[in-house]
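Some notes on the structure that comes next.
Order as written gives the chain letters A, B, C, D, E, F, G, H, I and J; numbering starts at 1 within each chain.
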């Protein structure tokens, strides 16, 4: 059942480990199987953690990535490993979220991409970061990410 | 439409202000209008704030108070003012929650009382405190307080 | 399709109006069609309003009534009209809720009855009243009333 | 893939129609495949309608049926057709709900059965009926039916 | 009560089985009964499963299909059987979702069609695919599909 | 308290019955009390049932109707009776939904009207139909109908 | 802490009572403190009741009012009293909702105003009314009112 | 980081495939790491499908399994493969659910086990099956499974 | 792991206290790490309290702040302390919300900023204030704030 | 505002870092301020991550800890740091959850303690672990933890 298109992938189906740093992580891509179409792909990534560059303590986020592929689509196992490589990476919420979006843009050169970073509260105040690259193809269907607003208690 | 029973209340319908400290706040009570019955009264108090005794920063909580009245019921405006008197009071979550329950018990001597304190997160971890005084009358109807669990993000 | 049992009802299917005061309102009852069984009947009444005896301003409540019928069941249209008769009635939340439960108990003499009164907030604090009459028949199925807890905002 | 046990069923997999009246409807049963066990089966039936015996207008209900089978289990297609046979049947909410429970008890003689009838509002007040037959086997697992409480608007 | 328009359908009301492969499955269509109108039809299909082409393990998805019919509408039983024919079909999430949308477009030539594929998580990350064909008629009413975002736990 | 405008209504406040067939049902209308304004009226109709023209079995739907009145508004009791007249009417989901919208358009000639038909699942797949007549007045406020998406189980 | 701007208000902080009829009720206004800005103010009013002009029975609604202030903003206590003055007022849902919006427009001459009236069900069908006055300033931020759709039961 | 205890497992971390039939599937177990404690383990399995023995069409279910381990705990990858082996298995909802519970009991001999099978609707009616084996250790903490009740539409 | 950019911050990581009055509070800013991009940052602030200028009683609000940074981003700890400085500040809901937005605009000169103030109910009616400064960059991604509407009870 | 009781705490209010391994982490405790009472304290900890001992990949969990204090209560900052020390710790879900509960029991010797570990899905199946130590004091108030069940998609 395998497919020519995937024969060059190194990580999918193999026992890959995450890189130590995002800069060393490899993101893999495969040919977009529907290159004629303007469509959208969404990844929801609730398992993300990095390090606060000031306090050295762990931060957590729920990330959602949307993109309209051009020639390439992201191979999802390499995406998982890429995100894991932030485990010891120190960066502020804004910088960390934008860095992930930029890296994906560089690797797969989509028609358009956006990333929502929904960070866990610090000092009672959660920060969300909403970054976007390129212009969405005219008429692209882009549903809301629908991550619930933070309510505190009660 | 007023009622003999309430004629001695000082705060209800008047322009009362909260005391500066909980110790100075006056809680008023009125005769329980249904002294034959074992029933339960619930107050939901989402507007509560006090001070962290270590950092001096404000804390916030959603409080829910349940009790089975004996001779007295709490006059709710005085309850509001009592809770407001914690605005500059420094105490840990556990101590603050229990202190409120104890004061109510002392003032209105209910058959039974409980208080749920649902505190806003600090360090990413919210604390809930569930205190109880006396034994609930046999067969008393005690619905869950139903305050949603803390979910973080996602 | 009508039924002997209902032929004496005055209000059902007729153009009845609510009484001016609860004391004047008539509650009708019909024979319990399942007198062998211990079962429970629930009325949810989100359209209730009365008057605050101190301020003269309207109060609102969502009421839920549960009971296990003995010989009689409540005719629901007369219940609706009975509840409407509180429109100009002044009473505190606790007294008003218990008065309704007591009246139903007097009229239909159920094996057991309870009423949950979920009042709209005053001074930022809503009051719920949970009253109960008699002992529930052993093994009676009594689901939670499931009215959401008050959350304030956020 | 068929099974001896089902070879006598008339309705399952056939083009059966509902009876005109509940009294004429046939309920089919099959051997309980797990007669050693005390377990519970739940049917959720959100598509139920009957007739108000006083006004002649249609009533609607969401029904949930729970039972602990003894020798027999209910064949679900015949249950569907049985419930459809109430389409022109006139009965009050309480009587209609209890009649369905009683019929099931008569047909399949379960160890225990209960039915929750969650009726659509009339006069602004929905009625729920909670009937039960027999005593649940000791330790039987009986989850709440979890039908949301009626909220009115807002 | 049957209707000329449906007399040529082979699957509806018959004992049809799903094809072994999507390529062999037949989709049936009937005349659009409202050809003058620009309106939208939605199918929600929470029972979908296919095979991962790399690991050979089952994948699951919740699909929602929206379209504006031109001359034809999809016969829903044949849609069900078409979707069932993917049970042993190996394809990635993106390709599988787009293939279903394309096939429907080929068969019923709608004015416009879109499909949302909401796949169950793999490696902790669910993928959603949002494909679209044609341009929606001006002013067409297109409600959100409203499938909840993936939240992980908590 | 009655009003000239309503004096010619036959059904409101009277003991009207539903017609046997939609074609025979009478829809009543009253003068739009705010003819200067472009505003929207919504009816939510969760109590709707008709007959499947192929299988003869009952279908159920939740309908929501939105319109911007011109000279007339729909009298709601006659709407209720009109919808009841589908109880023995056989039609497919698409045709039935559009027929109701068309009839309302013919009777009250609104500036614009739409109807959402949210049908209960058949074969595991619910169908929703979204029909619309006319062009909404520029700037009309049209909130989403907000009927939850079908989720299957889990 | 008081403020020049409010010194002429009669009702705020005083023991005001509602008028007997909406026509007699006084709405107070204060200077808009941010006259340079195009912003929106929302009032949610879940405690509203009036009278059905045909049956004389009470109606209930949840109202939400949104407006973009020009020179004036509504003083909220006078709004509360104005809404209370409908307690004995007979009017249909459509007329009553639009009358409230019109009165506010007349009194505070906002740049734009809208009112959503979400009425409790009658005859199983709730009516919502969505009225609007003026044109919203370009780019004004107008969040959905987010009142849940009526679901019946189940 | 591996652990002696897991060295004999064949499936975990390997490229295992599901068996063709449940009878051929192997379930693996590992030593319970906390044998002194009475605790509960829950698996939620929303990806389950089998075959209807009468119609040959696929069925879907959401399963939740709770147990109190004695000497063994279930290895979760082998559980996943075991559940996959039902993909071509024909059985009724009741029988299929109980068969899974029984097999787990046979393999890991827990102190107590229960399984909730929440099946997708057929004929508009979903069936839930709640089976249980053994007696829960005194005081065991057993949270509700919390799977939402089926609501139909609206 | 610290970063040149943050070396001049006084409050972050230090034992800072809130100012006594908003006018005295210092807001700190850091260089926007992604100045090429048009992106949005959101702060959710459920822990806000100020004083009613007429009654002297505490008010509570849930605030959500969205902005598109130009050269600067807000340092979040200084934001927390700034909001705390309103603890003894008297202002009406409208004025208080707009004042916070204006101050942020003055300090960080964003491309665009908005603030939603969701205030707890007074007199049974909560007020929401939606203020906005500047024009959002073309194509900026601005998700709804998603704060639930106020429902009262039931 | 500080308090004698806390003067010996090393971590609270200081710049503490998490230990490298759970075995090295120090948990601090303070005197229970309400030693006469049987009450419950709950910590919700949605920011937890450890390592899978077989695959070496990160695992995530939402933890909720409930206990009835005897002489000591847990200092919450040290709890946060203790949980962070699992960041590089390899253990299965069951073992990891029980290890945390046991450590807390050893350190603060509560009257009773329980921990719910709600792990993110692996292989499409999330595992929950519910451990408990000691016997809850008679009549202790123990609300459900209320963590939503895992729903997959749809």
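Quick notes on this one:
We adopt the following convention: a residue touches a chain if its C-beta (ideal position, glycine included) is under 8 Å from a C-beta of that chain, and two chains touch if they have at least 3 such contacts.
None of the values given here were measured: they were computed from a predicted structure.
When every chain is reduced to the mean of its CA atoms, the largest separation from chain E belongs to B. Between C-I and A-C, more contacting C-beta pairs join the chains of C-I. By residue number, over half of the contacts seen at D-F repeat in one listed pair from C-G, G-I or C-I, namely C-G.
Averaged C-alpha coordinates put the centre of chain D at 33 Å from the centre of chain E. Rounded to whole angstrom, the centroid-to-centroid distance between chain B and chain C, based on C-alpha atoms, equals 28 Å. Between the CA-based centres of chain A and chain G the separation comes to 45 Å, rounded to the whole angstrom. Among the residues of chain G, those touching two or more other chains are numbered 13, 15, 46-47, 55-56, 60, 62, 120-122, 124, 126, 144-145, 147-148, 150-154.
Listed by label, the pairs of touching chains are A-B, A-C, A-E, A-I, A-J, B-C, B-E, B-I, B-J, C-D, C-G, C-I, D-F, D-G, D-H, D-I, E-F, E-H, E-J, F-G, F-H, F-J, G-H, G-I, H-J. By the touch criterion stated above, chain H contacts chain D in their complex at residues 51, 53-56, 90, 92, 94-95, 98, 114, 116, 121-133, 135-136, 144-145, 148-153. Chain E makes touch with chain F in their complex at residues 1-3, 6, 12-13, 32-34, 37-47, 62, 64, 73, 76-77, 79-80, 139-148. Chain C makes touch with chain G in their complex at residues 15, 17-18, 46-47, 49, 55-58, 60, 84, 87, 120. The touching residues of chain I, when paired with chain D in their complex, are 150-152, 154.
The touching residues of chain A, counted against chain B in their complex, run 46, 60-62, 118-122, 124, 126, 147-148, 150-154.
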